[in-house]
Structure formats: structure tokens, C-alpha cells
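Below are two complexes that have subunit A in common, paired first with subunit B and then with subunit C.
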Partner chain A sequence: MSLQRAFAIAASGLTAQRTRMESVASNLANARTTRTPEGGPYRRQAPIFVSQPLTNNFDDMLGSSLRAVRVDSVATETMPPILRYEPGHPDADESGFVAYPNVDPVREMIDMLSATRSYEANVTVVRGVREMSGAALEILT
Partner chain B sequence: MNEILRINPVEIGELTSRAPRPPSTSGSFGEVLADAIRSVDGLQHESEAAQSQWAAGEPVDLHDVLIKIEEADLAFRTMMEVRNKLVDAYREVMRMGSGG
Partner chain C sequence: MKTILPNDGTLAVLRTTLHQASVRAAVAASNMANVDTPGYRATEARFPELAPGALPGVRLDRTDSEHFGPSEDGPEALITEGPITRMRTDGNTVDVDLEMTRFASVQGRYKAASQMVRKRFALMRYAVEGMK
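Presenting the complex of A and B:
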């Protein structure tokens, strides 16, 4: 059923936005984290999206330019940490500076709003597809 | 004008040979119907599996579960529409005998 393709694409978009939300949650939760297993302060995470053909079927890939979205990876940003002068902090270096994550809460909030709206947009697509299939069923009644 | 007249008349045999035939793999109407019902049943099972995975706390996306439910519901409703149409046709045929 070809309407299932629209469902599948919208579902991939929902998954992508959910991943975005997860990285926002991670960034906000670790906005002041100075210790990580890798050493040094927490670094901002950002998902990388890649478009991919809908099926593994070669004929379908040739015949259709439709692309779903897939989370390629969640990348760690390489922005230098923010140094704050806090000599009493246990993680301060010899000159008294503490390296804090380069996470801007305002930016994260905007990212969160954007992810939420994009998620809603994809849900609206699902609803639209459902309405279309409902209308198609009306043909027989 | 001559060009047009030269077009071969269409013969009955030619038409019937070109008439669409069901693919050889699909067999009788009953088998087609059984296949359709099986695929609807498969979607129902997928949807149920997704629901129990979600309920068991496995890491599945809520929207994937809901979309699977929606797909299964859509397939089921389509099947019901076809079934209603068939039953209607059957009743129509059954009424023929009674001179209605």
C-alpha cells in the first residue's frame, strides 16, 4: 500500500526529532558538568541527519526519489570549553580556572522548540495520511 | 488518408489475448482473498508485538507503535470494506431467484 510509504517517511522524521530532543535533554542536563569519563568538561552533543532511500529494493530506489531521514550519528561538538575563574572549585586548574561545557541554555531552548514543532509537523503528516486513507475508504460506502 | 485505411482491423482474438489476466502466481480469487487476509493479519500481529514491546518497557518509539496500530487499523478497515462489498454482491445474487 503506497500510503504506508508516507507513514514510514513521517515515522523516520518523528524518530529524528526525538533524537534531537534527547540531545537537547543531554545538553541541558550537563550544562554545568565538569567531569566526564573521557576527561574534561561535558561537550555539546548534536545529531547529524542523513537522508536515505526508503527501501532496500533496488527497483524502488531507481523509481522513487523519496527519502526518509535517518540519524547518522550524534556528534560531539569541538567548541572550546568556557573558562570561569573559580579557584575554590575542585576541578580548577593551577591558575584557578574551571572549564565549563560550552552549552548555551538559550540556544538549547530554541533547539527544543524547533524539535517540538518539527515533531508536531510530522505528526500532522501522519494525521493527513490517515485522513486521506479514510477518504479513500469512503469510495466504497 | 491511405495511411489511416491501412491500419489492420482489430480482431476479436487479438483483443481477448490482450485482456488482462491475473498473474499466474496469484491463482484463484479465493487464494487472492486469503493472501489479503493473511497480510492484514500480519499487520495486526506486528501492531500487537509493538504494543507489548512498548508495554514491557523495551526501547521502542511511541510513534512507531502508534503508526503500526494505525496501519493495522487501516488495513483491517479496508478488508472490512471489501468484505461488505462482497456480502452485498452475494445478497444481490441471492435475491435474484425470488423474483424481486
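Presenting the complex of A and C:
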């Protein structure tokens, strides 16, 4: 039934946007982190979204033409860190520069707003589909 | 004598309407879920028109379980790339406003059709039970 499919697709959208929100939270929380287990300053994380067929079943023509969304991976950005002259800092190099993460709070805020709106759009779809299935259930009442 | 059995024309048409609305809802969900996927092309569902006089849901007799014919839900949906109304630099063509209005209209159509199915059954019940 197609309504179940709509639910499944909207759910994939919710998961993807939630992952994006988690990346934003991680980036903002680590905006000034100079030490990481991998060494060096924290690097900005960005989820990569890919669309994929809802099913891979050839018999299910509709299911294989509908596209859900999936977080392929969370990429670590390779932007060079921002160097600030802080000679007293324990992580400063020989010339007194400290490498700070290349995280732009404005960019993160915009990403957060965009993720929120997209999440809401998917919630609207879930609500709408729920109302539709409710209407179908009322047929025999 | 006219039949008011559940497999009459009215219900067959309404069944097709419900099916098409639910496919369109799934397509809208698909586009909304991919609103931030780079390179994603927005899709839309098209339904071939039935031949005049052909009733959806009326199928040929099956003499063998391996036979297949038109679905009882009416014609199969063709999912194609929709018209490009906007394009972002990342190649994504989902138009949120268009999808939302389409979704709202599909929702309305689904509710209307299910109300009509309900009334159709109410009519049948009235014929069986009489006025109470």
C-alpha cells in the first residue's frame, strides 16, 4: 500500500535531517577544540545525503521508482585550520600559532535552520499521511 | 435490475482515486525527503487515461493463476522527472512550495474519495436495514 511507503520515505527524511542536526551540534560544540584523538584540531563534520530506491524489488515498480534518502557517510572537511597567534597556549607551535577548527558559527546556524525546516516539512508529510490513513479507517464507522 | 453490490462502478472509480492519491502522496514524500540531497531530480506521478467506457477494477476472468491483467487499482503509475521550476547550485530541483500544495490537494482528494466510499456503504446499509 502506497501510504505505508509514504510513511517510510518521510521517516528516512526525518532520520537524515536529524543526523544533519547532530553534525551541527557537534561542530558548534567543538568550535574551539584544539585536541582530538586523531591529533590536531577538530575538523568540521558534514553528512552526505544520497537518494536511493525505496525497494530493490523488480516486481515492485512503484517502490523501486520512489526515492528515500539515506546518510551515506559523515564526511570530515579538509579545510585548513584557522591559525591564531596565542604564544601562551599549550597547543601553540614554535612560532606561537594555535590551530583552531575551521568552524563558522554563522554557517552552522544557517545549516541548523535549514535542517529544522526540512525536518518540519517531513513531519508535515507524516501528519498528512496519518490523516489520510485515518480517513480510510473511518470508511466503515 | 441495478446492482448495488460492493464491486459496482462507483466503488471501482473511487478505488482508483484512492490508489492514485496515495501514490501521489508517496511521491511527494519522496521529494520532500530528498529536499537536501545534491543532484536529486524531483519526480511526479502520471497515470495513463483509461479508454472511454472502461471501468477501472473490472478485469478479465483469470483461467490460470499465472495470468496477469490490469491491476484492480487502475492503471500503473509512471514515475517521471517533474518539470523544473527551480534549480539549486547543487543540482537539486525540489520545489518545496509546489510539493506542499500538491500534497495538500492530494490529501483533500483522498479524504473526499474516502467520504464518498463511506456514503456508498451507508446507502447500502440503508437499503439493508431501512430507516431507524
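Please note the rule applied: the second predicted complex is superposed on the first by the 136 of 141 C-alpha atoms of A that agree within 3 Å, B and C clash if a C-alpha of one lies under 4 Å from a C-alpha of the other, contacts with A are read in each partner's own complex, and residues count from 1 in each chain.
Everything that follows uses one rule, which is that a residue touches a chain if its C-beta (ideal position, glycine included) is under 8 Å from a C-beta of that chain, and two chains touch if they have at least 3 such contacts.
As the structure is a computational prediction, the values presented were derived from the model and not from experiment.
*Asks:* Residues of subunit A touched: more by subunit B or subunit C?
*Replies:* C
*Asks:* Between subunit B (first) and subunit C (second), which does A:V71 come into contact with in this model arrangement: first, second, both, or neither?
*Replies:* neither
*Asks:* Where does A:A121 make contact in the superposed view: on subunit B (first), on subunit C (second), on both, or on neither?
*Replies:* second
*Asks:* Can A:R130 be said to touch subunit B (first), subunit C (second), both, or neither?
*Replies:* first
*Asks:* Name the contact category of A:A16: first (subunit B only), second (subunit C only), both, or neither.
*Replies:* Second partner only.
*Asks:* A:A6 contacts which: subunit B (first), subunit C (second), both, neither?
*Replies:* second
*Asks:* Is A:L140 touching anything from subunit B or subunit C once the two structures are fitted on A? First, second, both or neither.
*Replies:* After superposing on A, A:L140 lies in contact with both subunit B and subunit C.
*Asks:* Now for A:V50: first (subunit B), second (subunit C), both, or neither, which partner does it touch?
*Replies:* Touch status of A:V50: second partner only.
*Asks:* Following superposition on chain A, which residues of subunit A contact subunit B and also contact subunit C?
*Replies:* Residues 1, 3, 7, 10, 140-141, which sit in both footprints.
*Asks:* Inside the complex, what are the residues of subunit A that reach subunit C?
*Replies:* Counting only subunit A, the residues touching subunit C are 1-3, 5-7, 9-10, 12-13, 16-17, 20, 49-51, 54, 61-62, 65-69, 114-115, 118, 121-122, 124-125, 128-129, 131-132, 135-136, 138-141.
*Asks:* Which stretch or stretches of subunit C touch subunit A in the complex?
*Replies:* For subunit C paired with subunit A, touching residues are 18-19, 21-23, 25-30, 32-38, 40, 43, 76-77, 79, 96, 100, 103-104, 107, 110-111, 114-115, 117-118, 121.
*Asks:* Inside the complex, what are the residues of subunit B that reach subunit A?
*Replies:* 61, 63-64, 67, 70-71, 74-75, 77-78, 81-82, 84-85
*Asks:* Can you check the complex and tell me which residues of subunit A touch subunit B?
*Replies:* Going through subunit A, the ones touching subunit B are 1, 3-4, 7, 10-11, 14-15, 18, 123, 126, 130, 133, 137, 140-141.
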